[in-house]
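Letters A, B, C and D mark the chains as written, and numbering starts fresh at 1 in each.
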Amino acid sequence: MTGSARDRAMALVTNHGTLLLFVLIILVFGTQAPAFVGPENLGNIIKQASFIGIAAVGMVFVLLTAGIDLSVGSVMYLGPLIAGFAMRDFGVGVAGGLLVAVAAGAIMGGINAFLIVVLKVVPFIVTLSTLFFFRGFGAFLTSSRQFDFPEEIRAFGLSSVFGVPTPILFFAAVGVAAHIVLSRTAFGRQVYAVGNDEAAAAKAGIRVGRVKASVYVICSSLAALAGFILIAQIGRLDTGFGEGREFDVIAAAVLGGASLFGGIGTAFSAVIGATMIQAVKTGLVFTGTNLYLQPMLQGLIIFAAVFLDSVRAARLETLRRRFIRPR
Amino acid sequence: MRTVSTLFAGAAFAAASLGVAAPASAATICFAFQDLETEFWVAGHTAITRTLEEAGHTVIERNANEDANRQLEQVRDCIAQGVDGIIIIPQDGESAVTIVNEAQDNDVPIAVFNRPPSDLSKGIIVVADNASIASQAVDFLAQEAIANREGDGKLTPMIIVGDLGDPNAVGRKDGFYAALENYPDDFNTPIEVASEWDAATALANLEAAVTANPEIDLLFTSSDFLFPTIRSVFEPRGMWVPRGEAGHVVMGGLDGDATACQLLKEGFIDSTGVQDLYFEAEAALNAILAAIEAGEAQPNEVIEDPGFALTSANLGEREMDMWGCVLLSEGFLDQ
Amino acid sequence: MAVLLSFEALRKEYFGVPALRDLTLDIRRGEVVGVIGENGAGKSTLMNMIGGVVAPTSGEMRWLGEPYHPRMPSDATARGVAFIHQELNLFTNLTIAENIFVDDFPARFGMIDRAAMRQRTAELLSQLALEVAPDTSVDSLAPGERQLVEIAKALHRDAELIIFDEPTTSLTPRETAKLFETIERLRADGKTILFISHILGDVKRLSDTVVVLRDGQLVAQEPAAGFDVPDMITAMIGRALGGLYPDRTAAPRDEIAFSAKALSQPGILEDVSFDIRAGEILGLFGLMGSGRSEMARIIFGLDPLEEGALTLKNQPLTGGVRDRIARGVAFVTEDRRAEGLLMDAPIAENLSLVSIEEFGRAPLALLDHARLDHRTEQLKTDMIIKAGDIKTQPARALSGGNQQKVVIGKWLMRHSDLFILDEPTRGVDVGAKFEIYALADRLAAAGSSVLFISSELEELMGMCDRIMVMNRGEVMGMFDRADFSERAILAMAFGKQAAGKEVAA
Amino acid sequence: MTDSGPLPATAEREEPALAPTVGQRAKRIFLSDYFVLYLSLAYFLVLMPFLPTLSNPANLANILSNMWPLLVVAIGQTFVLTIAGIDLSQGSVVGFTSVVGAMLLAATASPDVLSNAPIWGLIIDETGGPLAGVPGGIALAIAAMIAAGGLIGAANGLAIAHFRMPPFMVTLVTMIVISAFAIFLTQSENIRNLPEAYIQLGKGDIVSVYFGEQDESRIPRREIYSFITYPMIIAVTVAIIAHIALSRTVFGRQVFAIGTNRRAAEISGVPVKRVIVLVFTISAVCATIGALLYSTRLEAGRPTLGDGNFLLDVIGATVIGGTSLFGGKGKIIWTVFGVFFFVLLSNTLNLMNLSSFHIDMVKGAVIVAAALLDVLRTRLIRGGI
């Protein structure tokens, strides 16, 4: 049993590769720009990560069932937009607007779910078409013009409770709630079961259709919530808002460890994934990196994280191999 | 119902001010634009389509969604449909040349609106030079910043850069640098902030940049549509204050939209570069309709829009030359 | 005893072809009923109807005298039917406890009551003598352990009728004994058991009544006590089978074709050495966890080997899987579904997969379709694969036995000097088993060496020239055919394990 | 399941050789490989009365010419999807390789642009790229593009095959890095002044058709319709080669085997890693050929070519054609039809003169409708009706 300390160190590195990389990123940028590790900036990172992060938590539900939702970017736009109309024309107020946004997201998720579960069209195609449809519907509603929210929404977006900015509170609440649902409720465990083997889940008496429908509703609701919380900080919604974000959202979820083939992933992982990507982006701004190089460096750091994760997976597989005699 | 009616009322604003000669016969015009995602393009789009329709022409619209290839395909579809003339807002100068050639080869007159092709010799071309307009706006900002300087250290400028894949964004960035080169002893190296033309990205990056560099003396945004974003970062930090009050950051943008007009009037910003949207639209329309009238299949003409900077200094005299202020006066922001 | 489930003139047709012909049968409450029959005899169709997977074409099912028409599996579950399938329906990403409670979690305030779940699971597991924690993830369990979790699931549901479909194929003798004890206890509790198995000795030993199906018809229903295995076989196949095992056609040659010298891999193997002669069938027996499959994978180059040397035909055997195949090693995996077959690909594509490169014509490796079709058709005939058009029919549509023939068949398109057969008869019916034995004999007769790995000692004793026994990654001993003794071999296989020193992974 | 189910052999008995009824014929169309083609043609016929321009020769020529570049790229994606992968980096490869080709071939470059460009400036100067005016320069430039694209694809493949990294993430990173690199290379500029012979590859006609009077002295250009063009030749050649590779070679069989069950393929001696690397290389090379066609018809090397929704069009067309995202199921002919459907869809949306505010909605609805029909069809096949 030589080198067990080294073995243990190796195990630590590989098992927590993503987290260690995260710490490394913070340290590297911190030495370059000390303000990076200041409490204000760390708070900012989490605040800015909340946008993609909240949606990524929703995406984890969908990915767990081996589905995919490409429409999140459009839902991020249309959900808050409908909430905006409700606030402006019916005076529902900020809290009402938030509920309307989430409800609108749930309806959009319901449309996806109907097409996927009842009509049995593959999720990729369904959400690809609703990606166009939802954004098109928003453009139709606004004639492609910007939408200005009532002033009160900014007070909400920029508010904080006991010094903690509201977006962070929502991010934390969503993360914790999703974690509890996924790990502690029957529904959550059934989501994992469906993603592992849909046919077996049906045989075991799980209402597969209902589980699958729910994840799309959850995903879209959270995407709309994410959009609303971001827009609440700005007060104005442009037609291009959220475009192309589906890839950021999926990347955050996958970076945290969710598998596109279903059954693997946690809400916590999406939170980590989104925060890490945001930390890199913020770090590149802090170090004044050339704008042309920023996306390249971002890409390479994400690559490093995915690489570490694959090393970890390979190692896990080796560890899983059953030893039948003492080593 | 109120929702819907206000919406369409909004769409009708910009049309009235264009004076376009009524043609002898109604023509079918293909209007291919690259995108409708900011106020500027929406206003331009509305101006052109309304004017043509009111003059009795048929307008066929094509939105390329920022895809040059798709735009080429759309223009070809228009040609196949047998339109009389084409107006394009190209994705960029290079694809514009190809599209102009395509139209002229097929004997369809074409006008290029707002973004100049890299080859100016063919087609009716309305040129607005992003770099020079940006440079005019930034020059004013630089002078303001120098005038307001306390102490004699160098000033720190910041620019919010647009999508690096968009030549307009790059032109504006070049104009910004060109203007600051005139004051080499007064400014530090500018801080660049990427926005990718996306409000959420701009929000995150600007917040990071301001946290990293709290002392900013001058801010230029490559597009006016980001002012609400800037406000949400600056306001909590006490940096969003009008001219003349302590803590005011000298600020400007480019586009000349209604929000910029309002902020200029309220004193929060100091200048914005303006493309003379109505002039450009009117010139393009008149030229293309004249060519159709004359049966000219390959009209070539360069119409220059020098643009200008609307600043806190010339606000009174030139206000109504800016399309955003026209919209504002028509109640655009009072939804 | 009351009748729990009865069938009256039950009939099922697929596309007009009857799979079950007017079956009339009563299942009495509290009985263990053995159901036997060859593949295609109608067992699965019958079970699918009980389980609500398919509806009968005509006829009636009654549950305690009431009409019984399950329209979906959950209807059957609600009535108290539990299935323990040969192919497991477990969620590998969940824990044992979660698998057991997956459709009915105990909840407190909307949250899963983990403590209650754990406790109940621990009880169930201890009934089955499975000594793992309820929170163990299923993907870290061995196939046999997973089977026990399935059984725990049915026990948990407190099912009235439990249908075991080939439950013992992946169990060790000890686990099998435990399972049989459990079944006895269930019977004592008044449960009704349908026990489907190809291992007729087990059926006889366990059942009260044995039901024999052939060609969709009931051909025999007799008390197990007076129903001997040869009679069962006769009833199943409609004629007397010459024997369970074919006679070996040729004696092993003298030359040593394959040898393993001092193989060691930390945690897996320790100093394993053995030879196989050309034309010899070497049996490898060991309990689950003895290292038999692990060694097979090492020989085939799938898993690493730290120390030791392999030689085939006097040349060292090294490199990865492709090198080994090129050198003439063939490997029939124990996991047909995950590793053996392209389930959704046509049978012909499965058969040709290993040798496909030989059918490419230079320079572009364009397939020689004529030759390929000819060879696959030939193989289908040779191996008596019961299939329609092998170019369109997917492997999934085949019965277990025929699927296994495809897994073996793909290695027969080319010549191999060493065949590693890992559990080649698992889940295969009597007739197909015989064919697979005959095939092993043919390979040996043609001069290849065969390493025959099985947990059914009986078949090793029937087929092999020698049997090697492994335990905990070590070779415990070697028996020549003349010295085969079930008791001695089993004793050796239990080896140190009997001393009860568990080693954690 | 120890018993065999009913063997489809008995289910699929030969139909009697009588003349099929209308219903049978309709069923056969519905169930055939050519379904998406029939669907497209039906869509075409239904819209014809409403859109008179739809069937005019100029429009047909447009539809065809729009098909070729997308088809080439989608063919590459078909290979990747068949091994249960996905290639998100194709769009960025299109942009990057178009820049590589243009950089080597451009006849001149403007000095102020050059002064900005870091690497580009080393390769190209005011007298043009290193291969400008060189005999055989175009062939060399194309070879360089294919090498560059192929390298990117091979890098994707290596990461996926050897480190078992998920294809989605690997190619997503490649997409981010390569498109940023392309923009960095030219500092956002597009490269023009490409040689005429190069441009011909994207635009040149070989056979054109004119339907007017023969004795007219000057035939208006807009009445000459391209019929056979270089892009058509290139795309059809690629399609035929790809079809043969996928359906008639050892390699093709191995691709399907990996897509169906990677583990089983490995154990059966399929060189899994090599095939995966090759498949991703093919995908990137197809994207490169697509880049050639796109950039020559736009007469410029553009770093942003292939941005935005391009990728969704590529994958959408491939999947609508019938190739499965989960591997083991794919045909080049399906992709041809899927691309045809997508191109026809966007052509008709253009011709409908919808307000730009409606187009996205209609597009979304039509994609879903097409997919629904496909689901119905699959159910019919499964149900054996």
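In this section, a contact is a pair of C-beta atoms (placed from the backbone, for glycine too) under 8 Å apart; a residue touches a chain by one contact, two chains touch by 3 or more.
Worth saying up front: this structure is predicted, and the values here are computed from it rather than measured.
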- Query: If you take the mean of the Cα atoms for each chain, which one ends up farthest from chain C?
  - Reply: B
- Item | Between chain A and chain B, centroid-to-centroid distance (C-alpha), Å | 34
- Note on the structure: Per the C-alpha means, the centres of chain A and chain C lie apart by a whole-Å value of 43
- Task: Could you list which residues of chain B touch at least two other chains?
- Result: 36, 45, 164
- Message: If a residue has to touch 2 or more other chains to count, which residues of chain A qualify?
- Response: 139, 143-144, 292, 294
- For chain C, jot down the residues that touch at least 2 other chains. none
- All pairs of touching chains, each written as two labels joined by a dash: A-B, A-C, A-D, B-D, C-D
- Query: Tell me, which parts of chain C touch chain D in their complex?
  - Reply: 14-15, 17, 19, 37, 39-45, 85-87, 165-166, 196, 198, 300, 302, 321-322, 325, 331, 333, 338-345, 349, 352-354, 356-357, 359-360, 364-367, 369, 386-389, 392-393, 397-402, 410, 427, 429
- Taking the complex as given, what residues does chain A use to touch chain D? 70, 115, 119-122, 124-126, 128-137, 139-140, 143-144, 244, 247, 250-251, 254-255, 259-260, 292-296, 298-300, 302-303, 306-307, 309-311, 313-314
- Mind pulling up the chain B residues that touch chain D in the complex? 33, 36, 45, 60-63, 65-70, 72-74, 76-82, 92-95, 97-98, 101, 105-108, 118-119, 164-167, 169-170
- Residues of chain D defined as touching chain A within the complex: 88, 159, 163-166, 168-170, 172-174, 176-177, 179-181, 183-184, 187, 308, 312, 315-316, 319-320, 325, 356-368, 371-372, 374-375, 379
- Query: Can you name the residues of chain B that touch chain A in the complex?
  - Reply: 2-3, 7-8, 10-11, 35-39, 42, 45, 161, 164, 191-194, 197-200, 203-205, 207-209, 211-212, 225, 228-229, 231-232, 235-236, 333, 335
